[in-house]
Each structure stands twice: as structure tokens, then as C-alpha cells.
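This is the structure I want to talk about, given as C-alpha cells.
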Amino acid sequence: MSKKQVSLFNDYTKGVWDQNPVFKQVLGMCPALAVTVSAMNGIAMALATTFVLVFSSFIISLIRKLIPSQVRIASYIVVIATFVTIVDLVMRAQFPELSKELGPYIPLIVVNCLILGRQEAFSSKNNPFRSVLDALGMGTGFLIALASLGAIRELFGSRSILGVQLLPDAFEPWLIMILPAGAFLTLGLMMGGLNAMILRRKRREEADILSKHIPKTYVAASEGQEV
Amino acid sequence: MKTIIAMLVTLTIIGVVSGGGLAMISGWAAPLIAANKKAATERAIFLVQPEAKQYEAVAEVPYELYRVLDEGGQPTGYSFPWEGNGFQGNIRMMIGLTPDLATITAIEVLEQVETPGLGTMILEDPFRGQFNGLKTEPQVDWVKGAPPTKENEVQTITGATISSKAIVDIVNDGLARLRTDLAQGGDK
Amino acid sequence: MSSVTVTEAPTGQELLLSTSPHLHSRWTTKQLMWFVVLALVPCVISSVVYFGFYQLVIITTAVVFAAGTEALIQYLTKKPVTISDGSAVITGLLLGLIVPPYFSPAFTALGAVFAIAVGKMVFGGLGYNIFNPALVGRAFLQAAFPVAITTWTIPQFAVDAVSKATPLAAFKFDNVVTPLTPLVVGNVGGSLGETSAIAVLIGGIFLLVTGVANWRIPAAMIVGMLLFGGVLWLLDPAAPDPVFHIFAGSFLFAAMFMASDYVSSPVTGTGMWIYGLGISLVTVLIRVYGGLPEGVMYSILFMNAFVPLINRYTQPKLFGEGKA
Amino acid sequence: MIFKTFPGGVHPPEEKELSEHCAFERMPAPSIVILPLSQHLGKQARPLVEKRAVVAEGQVVAEADGFISAPVHSPITGTVKSIGRESHSSGYAREALVIVPTEAKEGETLPEPQRLPALDPAIISVADIRARVKEAGIVGQGGAAFPTFVKLTPPEGKQIDTVILNGCECEPYLTRDDRFMIERPDAIISGLQLIMRALGVSKGVVGIESNKPQAIASMESAVAGQPDLSVCALQTKYPQGAEKMLIKAVNGREVPPGKLPLDVGVVIQNIGTAIAIHDAIAHGEPSITAALTVTGRGIRNPKNLIVPVGTPLSEVIAYCGGLTEDAAKVVVGGPMMGVAQHDLDAPVMKATSGIVILTQDEVRRQEETACLRCGKCIDACPLHLLPTRLARLAQLGMIEEAERLNITTCMECGSCAFICPANIPLVQWLRLGKQRVVHMQRNR
Amino acid sequence: MELILIFVSAALVNNFVLAYFLGICPFIGVSNKLSSAFPMGLATTFVMVLTAIVTWLIYHLVLVPYNVEYLQYVSFILVVASLVQFVEMVIKKVSQPLYRALGIFLPLITTNCAILGLALFIVLKEYSFVEGIFYGVGAGAGFTLAISLMAGIREELELADVPAAFRGAPITLIVAGLLALAFMGFAGMITV
């Protein structure tokens, strides 16, 4: 791949993991916690958010040079709120059930720190194409986070994932998983677990580098063994 | 000054475009949303009145009340949305009644925020079914931990006593209101 | 940092070096903890007497899983395994004693694992947790299995029909105030360890007399209950009298064994009073106005969250800064 | 009877019975004398003699260097063997003169022991009292070894109304002050009156803990009929003898942090200091002996001794029958604040009040665990500090926060570490924290 | 009485942060020091009350009469944002110390879902003007309580041996979870 391609590719992928909005940047936490009682809700929320994110990024990137910086935030908010209203209207018209489930959290996409944050950090400085890629990447990352959180909570809280029962009837569902406390705890434990894995890998890599670049005897000596 | 004008102009343009766009989409969505809402209400009206075929709104009372009719247009009872406090928040339900208000045909919970899996058992049949054909004179009563012995009693759900009582209370509250209003209005 | 160097003395004996003080009181962590375990024996006995030998299965499960979880986590994170200090045993034992009779051992085990893993180890283990681990375990179980944990079995020798529900549930839902005698003896429904005030008091007074538990917290809780419970009783005819409040449910048990947990309670004397009074206040409010019949567990957890702030604002005045 | 006291503190086992019945004995001259130039708080003394010089008992061999300093006198007649760094009971080697007794050779005469001229305590002037206390090299016997004449020369404008003699001896095991009060009450009263005269004060109090009934009786009969003197019996509790605590108990005043007893109108002196002052004036004796208790389960014959300053610990121990089989720790001072010794060549010094030898059983270290936040250390701290938090802050290097929480106020009494069930070496951390705070303040 | 119940309900029983998941980002982001958490709570309370007032007026005096409820989100957020900006400017002019204590938090708060959430809930629950204000005060008090408790706990945890992997956001979320468990005791106490 050419250098340019690599950087475009990176525009997309960074949001998926390295800068995952939920796990790494701790943004957009409210919807992440509130709606993830099931995988389906998480996915729907993430898709709605991604829709708003992508379109607002596109529009804002297009008009970025026309907006005076003093009314920057206000303009972003209006653009975002417009798309959120569209999502909300469409959902209420076409998917009344889902709209009822996600309740007041759809309008709150307006203030989702993730969306505003991306406009400030990226779309206001880059061309529409890259902004859309960035938005798609962040959206994917958000989707991964919300879907996995929703899946775990649904599995233990209702024995199923995406409505498919996976655990036997003998398994008593843990009600706490679909309560607020369960949301915080699950996400906290997930993040801790991920961090532990990352730390472990880092430590192992460091050990590898050490053993490759430092003469054996030195390593042994530093570990206090007789050489 | 120039920047202020630029600011105002930008915001106005964005506002107008956004407002215009939304007005268009809303124009498309509003009837659909209204239809959805109407469908939901209708579904609920007939859910608590399985026999009924048509309905009409009763205008004499300052709240929603539907008189349901059979094929021939004869009144067969009332469908009646009412709400009150549950364990966590508001519970809104539809109550089906016979014309003399002495018997409940069925109930349906429309909106609630009770604890999933616990308070939400009020939505399910072991509990809800108890209201089919329940007598309402002098009022609906509840018992805890034992099957009901009287015609106007329901048994509360273990672990969700409060939600169960809330349903009973809402029914009684609505009935009381209805009785006074209909007695005055002389609807029969 | 503990610099214990050994050198040769002219007499040929090895001399120990360490900094002052060179004397130490007889208390050690281990000893404190095992005293608490000892103090809980009367409650274990009363649970067997009232609810049968099967309860030992629940209690043992809780202890084994609590201690096992601690050992496992310490082993996995390559820390010294310190279950012999007895603190995890207490957590397990207490958890076992605050679940209902015939509670599922599987749920108990899950609660014990959660209590130690999330209530204690993620904070860094002994001494660092903010919330009382045993109560974290119980609150988890209550939120996960609310029906199972409010299903009460009648004691073996129950004489009256009233004791089907716990005295507090009977009060809340049927407005029945259980008389004092069964409450004191323990012949009522309730969690394994809490029903008998006599058993609780034997263990509790043992802890207070030996100085293991600080007397201030139980004292503050009882004073607070008399105060707030009394005021409500006078104002609101529907509220029960304060003595009923003290003897019903897990109030005494929690006052003696759980609110007095060092780690999750304030370190200053004034702080302990505020903490104890706060627990009583929240307990009364939940019991009288809340949706739940019993509020002691939530009150303690709620006040646990205040402990850092309480400690900060009740710092003792430096000697010499009070008066000239 | 309710005894006065202060809030907080701890109750270590008292263990006074090992030596409280032993009357003072004079220990014979040792085979070698190691005379540190720094036996006091402040600047070390400047030597006045050369190697191989012959010195007389009582001769000044090093002079005070500066205001807060004290001269050193030779405790024996002998030859200066060397001047250099020698063992010191602080654990660090310090500058010292080493003197060995000399036999008179043919034709030579050894110098006579020197004494200062005796003065009449009844008529001595304030200036003479201060001069004599300074000349005699007297330092506080209460542990800190602060040059006494400094305390007797308060800055202009300070109003002092009370002198308290500290007869608490709150450290477990030690019985020196107890024996002094039983054996020499009149010398103590004389010393107290001299201090009062030097400071122009008309109120003198002797504070004694309730576990020394004999001493209380003895001192009470000594003050009988003297309306300006009194005995104050105090509750037995450590650290009752710490000056701030003693003042609080005796007259309810609190010395603010960073201030001195002087600032609340009080001067405190130890019982032993009073005797030293009396002896220096009435008998012209310079500070060449130390009175101390040698005790503990690790020594065969516990004793209360008068020992020439500079005697190596090993000789004192040998004089008391030597260490027992299970002796494990030799502490100079009391067990709560004293310093454990690794080198028994270290000498007895002017302010050495005791040697405590603890056994294996007594010093077995308990396992250290994390802090339980039991608050016992906070209840115990007589200065109302937060030992647990200060120690943790020191451990994590959060020095500014430790400073904000007044770590430097800590007097290292050890009450907190004594009571701590988690066996955290709190005092050690507190010391480290204090050092780092001082260091940081210096760099500011 | 009803008003007090609304207040208690919003503050304790249905705490915005712990039960409704609103304002989580500042709750996690600004809770590491009590000295910033508490002012943040106060500033949020202030903005919430303002929001309750202006959005109620807009909704009932403009949106409903002209049948343009679909402009709710756009208008609410825009008005709140400009209002906060205005208040910030006023505070800066009037009192520097107050600005330093509260002002710096104000822009952060605008883009915080608790504010918009409040406005939407007031519409959804059909509160009257005065009820809306009490609701705003209660929600703000609940937010202040939660974020202050969290800050106290996090300062304490700085001295604790929290495993490296759990430092920061994970332990904060777990504490929030345990706080939510503790607040469940108030469930069913008051329902408004």
C-alpha cells in the first residue's frame, strides 16, 4: 500500500481499537451504559449514533471553512441535533417498538461527547472523505463496544444473545446485569480485563526485546545468577 | 461588527436549512407516528375487550375513556386508560370493564418502568390473568402468599408485592373516579 | 524498609537491630480477625438451632469460596497468599450468616466470589476496600436474585403464624409488629445469623469488651435508632417504636459485626459517631418509607461511600491548636 | 483516686519490678573510656587536648563550641590514647576522645582529680547558677540531652511562671528517676529551687506517675511545708513524660505545634537534671557520671548504677552479670524510644538513662499486614496526628501532602507503632517522611 | 410536599448518574479531586436550574403553540448553549474568584447529556413550571452528591494498592456500580 493509502486506512482503523471511543477514550459512556441491556439495543444505538456521526462529520467537514470559529460549537450542535431529530422521527415512524426501548437516549445522541469530540478533533480540520472514514471508524469502535457490552449483559441477565437462548433454563438469570449497577460493574470489569491483557502483552514484548538485544550473560547477571 | 454579522448569518443559514429539512421530514413522519400511536391505543382497547368490534370515545369526561361496542353497535363495556405510581415510577394501564363497572374484563399494562424480571411480572399472565372477570365491588383487594378466596381478590407476586399492589391501587383509583363521573353524567 | 540487621555481639550472641518502639501491643491483625470469627460462633449455633443443620452447608460454602477466591487471585497476581489472616474467612462467614435459610449454595458461592473479587481485591486487597465486602456480596445477590433472597423459611420452633415473613416484612406489608420476646430469643423468620438477639449480643459484647470492635459505632447506631426511630414514632403513628427497630431484622447484627468493620468505617472518633448515626437515619427512612422492608445493608453501603469525606472533615485538631 | 493525664497515649507493660527495688551502686572505673564530643543536642564540643596528653579526672578536655553546646570533662585520670571516630549509641560513628587509665610511672605523679569550687545553694546568684551549670557541662537527663544552661537562660520578654520537674519516667522498665526520688529527695528539691531561682519563678511542681507510690510519698514529705512547691500525681500512661503531655496534665496548657514549653510559661527539667544541678553547685561536680538503669529479662542482674561517662556498654553489661542465653536486643534508653545497638563498644553518655536488654520472646517480630484502618493509632497519638495516613504518604512519596498534615510535628514517641495491629513500622515511615519534608523545605 | 418528593426522587431515588446514566462523562472525567468535583457539581446544578426554566418556557410558549415540537432538540440545545456562554461571560465580568471556581466548568457542562436529559424529562413527565425547577434542583443535588462521593473515594484510592490494570476508568466504573447498588436501597421510597 502506498503511504497515502496507509494513512487513509489508519483513519478508519484507529477508532476501532487504538482509540476505541468507549474502552480507550471513555467517551459516549451514557448511551453505552444505558441502553446495553441487550445486544440488539446496543447495536441499534451504535448504528443510530454512527449515522449521526457520519452525516454530521460529512456536512461539518464540507462547511468547515465557512463557519466563524466563535459560533463553531453552536453550528456543530445544530447540525448534529438536526440529524438526531431525523433519526428519531424515522425510528418513531418505522420502528415504534425499538424507539420505545431506546427511549430518551436517542435524543441524547445530540450531546454524546463522542460526536462533538470528533467534530472538534477531526472533521473541522480534515476533508470530507477522511472525516467520513474517521466517523465510520469511530462508529465501528462504538458498535464493537456496545455490542459486546450488550451481549455480556444479555447473556447473564436474560440467558440469551440477540434473543437466542444460549444458557439452559436451569441457569437463573442474574437480574443485576440489566440493572444500572450491572452496567457499571460489567463495563468496569471489562475495561480492567482488557487493560490486564494489554499490560501482560506489553510486559512480554518488553521481555522479548530485552532477551534479543541484551547479551545473555548480562541478563543472567542482572537476575542475580552466577555467570 | 463584521464577525458578528458573519456569525449571525452563518447561524441563521444553518438554522433555516436545518429547520426546513426537519419540517419536510416531519411532514412525512408525523402522520406515520400518529398512526402508530393510534394503532397502539386501538390494540390496547381491544386487548382488554376481546369481544368488542368497534369503539367510540366518551366525550363527557375530562380524560380518555372509550365505550366499546359489538358488531351491532350495542355497548359492551368500557376501555379505560389510567395511571399511577409503581415501584420505580409511573405505571400506565388500560382497564376493561363491563357496562355496569362491576366486573373487569381484562387489564393491560401500557407503560411501566418496574424492575425487569421482577416488577415486570405484572405484565405476565399468572398475575394479569387474575383480573379477567374479577369483581370490583366494593373494591379490588389483594392477598399475599396465598391463593385468593373471594371474587374480588388477586394474589400478589412474590418479590413484587409493591408493583402488584400498585396495579390494584390504580384500578381502584380509576374505578372510583369513573363511578362518580358516570353517575353524574348519567351515561346509561 | 524494615531494616533488621543481625550483627555479632562481643558475647557471641546475635543482636537484633530495628527502630523504636521495641515493644508492641498484643494485638495483631490475625488475632483480631480470629477473635471476630470466634465472636460469630454463637450466631452460627443459633442458625443451626433455629433452621437446622443444613445451614452449615451454606455457611461453609460461603467461607470456602471467599477464602478460595482470595487465594486464587493472590496466586494469579503473584502476591503472597494471605488467607491465614482470617479476613476473607470473616467475609465468607458473615455473608453466610446474612442470607436466608435454605438459600441456594450456588448463589451463595457466587456472592462470596463477587464479595472478595469486586468488593475487596480490585481495590488492592485487605485494608483498601471502600465498601464492606460481605455486604457488597449480599447486595449483589439481592440485585441478582431478588426473589430467592427474600424467600424466608420459618424457624423450626415457630409458634405463631405471624413469623412466616420476617418481622420487618410483616410490619411493612401487613402492619404487624412482632412482640419483643421472639425477637430477642430469635424465634422468627430472617437471615441465618440475625434472628437471635441473644446470640448476637453474646458475640458483640465479647468484641466490645476485648476492644476488638470499637464501641463508638454500635453505640452511635443504637443512640441514632432511639433518636430517629423515636422521632418518627412520635410524629407518624404508622411507624413502629424504636425498640422494635433495634431488635428486628439485622440491625443489631450489623451494628456489632458489620458497621464495625475497620476498613470500611471512619478512622476518627467523631467520624465513627457520624457514621453510626447516619446508618441509623438511612435505615429508619428505608424501613418506614422505602420499598424494601429492611434497609440496614443499604444504609451501611451508602455510608461507606461517605467514609472518605467523613475522615477528611473530622480530622482531629492538632494538639495545641485547639486552645492556647 | 483520679489522676491527671492527657488524651490519647498507650499502656505498654510497665516492667518496673525488675529493678525498682535496686538501690544505686557506683560502678568502678572501667578499663577504657570513650568520650564522644557530641553527647548533647547542638554543636559538638572542640577538643582541648592532644593525643598522649595526660588528663585528670574532672579536667575539661573539650570546650563548648557556640551557644547550644556543652563542654566535656574527663571522667577518669589517664592518657589520651586517640582522637577519632568511635562507636556511638546513635548507631553512627562519631568523633570521640579515647582515654585509658594510666599507672603512675617511677618519679611521676598523676594529676589530682579536679573539682569546681563548691557554692552555697542558699545564696548563689542567678548569674552564678547559669555559669556553673554551663561550666559543669550539664545536659538534660530526660533523653534529649539538651544543654541545660540554655533552658535556664530564656530569651528576654518570655513570661515563665512554672517549673515542672519531670518524674514521670513513662518508659517501661526504667527506674532511675524513681530511685533518685526515693534516695535523694532533698537534692532534687534543692535542684528544683535552683532552677526556679535562675528563672525567677515561684511555682515548682514535681509530676510523678501513679505507679511510683514510694517516690510520690518521698517527694511529698520533701515538699511538705513549702507552699510554692507541690507534687502532682499523674495517671500511668505512655508518653506522660513527654513535655507537652506533662504540661497538659499538670496545668492544662497546650503547647502549640512548633512552639516550646517556654511559650506557655513553663520550663520542664528531668529529675536527674535537678540532681546534677544540685551536685554541680553544692559539691562542684562536673558532669562526669551517668545514672542509669540496666534492666530487662536479657540481663542476669538488673541494677541501678552510677557509671563514669564513657564506659563501654559491654563493661556495664559485664558488671551486671552479662547477657542471658536468650538476650536478643540491647536498647540504649527505654524500649519505646531508645536505640537498638549493634556494637556494644559504644559508650555510656551523660544523658544515658538506661540499658534495656530484651529477650527473643519479647522481640519476635509479628508479620506486617496492610493497614486495617482501625484508627487505633489515631486514638493513641497524643499529638492528634493521623499516623496511618502520614506513614502511607511517606511510603508513596507524597511529601507535600504529608507536610500539609503536619508530619513534622510528630515526636516519634512510638505510641502509634506500639498499638498498630497490622505491625506497620509507622515510626520508621514517619521519620523518613519528616526527613524528606525537611529536605524539601530546605530546597525551597 | 409534592415538590419535596420531586426533589428527593431526583436526588436520591432516581439519581441522574447512578440510575439514569446521564452525565457519566464528567462524572468520570472530573471526579478525581474533590476540589474540582464539588464546584463542578454546583455549576451543573446551576445550569440545570437555568435549563429547567428556559426550556420549559420555550416548549410551552413557542414549540407547542406553533406545533413545531420536532424542533425540540435543536432549540433546547442551542438555547442552553448560548445561555451558558452568556452566564460564563457575566460571571467573568462580575467575579473573578467565582469564575475560577465555576466558570471553567461551564462550557464542559453544556455538552453534557444530563442537561439535555433534564430538559427532555421535564417535557416527558409533563411537569409544571415550578415542578420543573424543583426537578432541576434535585437532579443537580443528586449529581453533586454522586460526584463528590466519587471524588472522595478516588482520592482515598490514590493511597490504595489498586492493581495497575484497574487504575483510572475501570475502578471508577466499579465504584460507580457499587454506589448504584448502595443507592438501590432508596428504590421504591418515592415515586414521582
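Miscellaneous remarks
We call the chains A, B, C, D and E, going by the order they appear; numbering starts again at 1 in every chain.
Convention: a contact is a pair of C-beta atoms (placed from the backbone, for glycine too) under 8 Å apart; a residue touches a chain by one contact, two chains touch by 3 or more.
Everything numeric here is computed off the predicted structure, so don't read it as measured data.
The set of chains in contact with chain B as well as chain C comprises A, E. Touch-path distance (fewest steps) from chain B to chain D is 2. When every chain is represented by the mean of its C-alpha atoms, the one lying closest to the mean of all protein C-alpha atoms is C. Among the inter-chain contacts, the highest number of C-beta pairs connects C-D.
The greatest centre-to-centre distance from chain B, using averaged C-alpha positions, is reached by D. Note: centroid distance chain A to chain C, computed from Cα atoms, is 40 Å.
Here the spacing of chain C and chain D, counted between their Cα centres, is 47 Å.
For the pair chain D and chain E, the distance between C-alpha centroids works out to 61 Å.
Centroids built from CA atoms put chain E at 34 Å from chain C. Residue positions 370 of chain D are each in touch with at least two other chains. Among the residues of chain B, those touching two or more other chains are numbered 15, 18, 22, 26, 87, 115, 118, 162. Listed for chain E are residues 70-71, 74, 161, 163, 166, 170-171, 174, 178, 181, 184, 187-188, each touching two or more other chains.
Looking at which chains touch one another, you get A-B, A-C, A-E, B-C, B-E, C-D, C-E, D-E. Here chain B touches chain A in the complex through residues 3, 6-7, 10-11, 14-15, 18, 21-22, 25-26, 28-29, 32-33, 36, 40, 115-118, going by the rule given at the top. On the chain D side of its complex with chain E, the touching residues are 370, 389, 392-393, 396.
For chain C in complex with chain B, the residues that touch the partner chain are 146-147, 150-151, 164-165, 173-174, 291. Those residues of chain A lying in contact with chain E across their complex are 26-31, 33-34, 73-74, 77-78, 81-82, 84-85, 88-89, 104, 107-108, 110-113, 116, 179-185, 187-189, 191-193, 195-196, 199. By the touch criterion given at the top, residues 37, 66-68, 70-71, 74-75, 78-79, 81-82, 85-86, 89-90, 92-94, 96, 157-158, 173, 175, 178-179 of chain A touch chain B in their complex.
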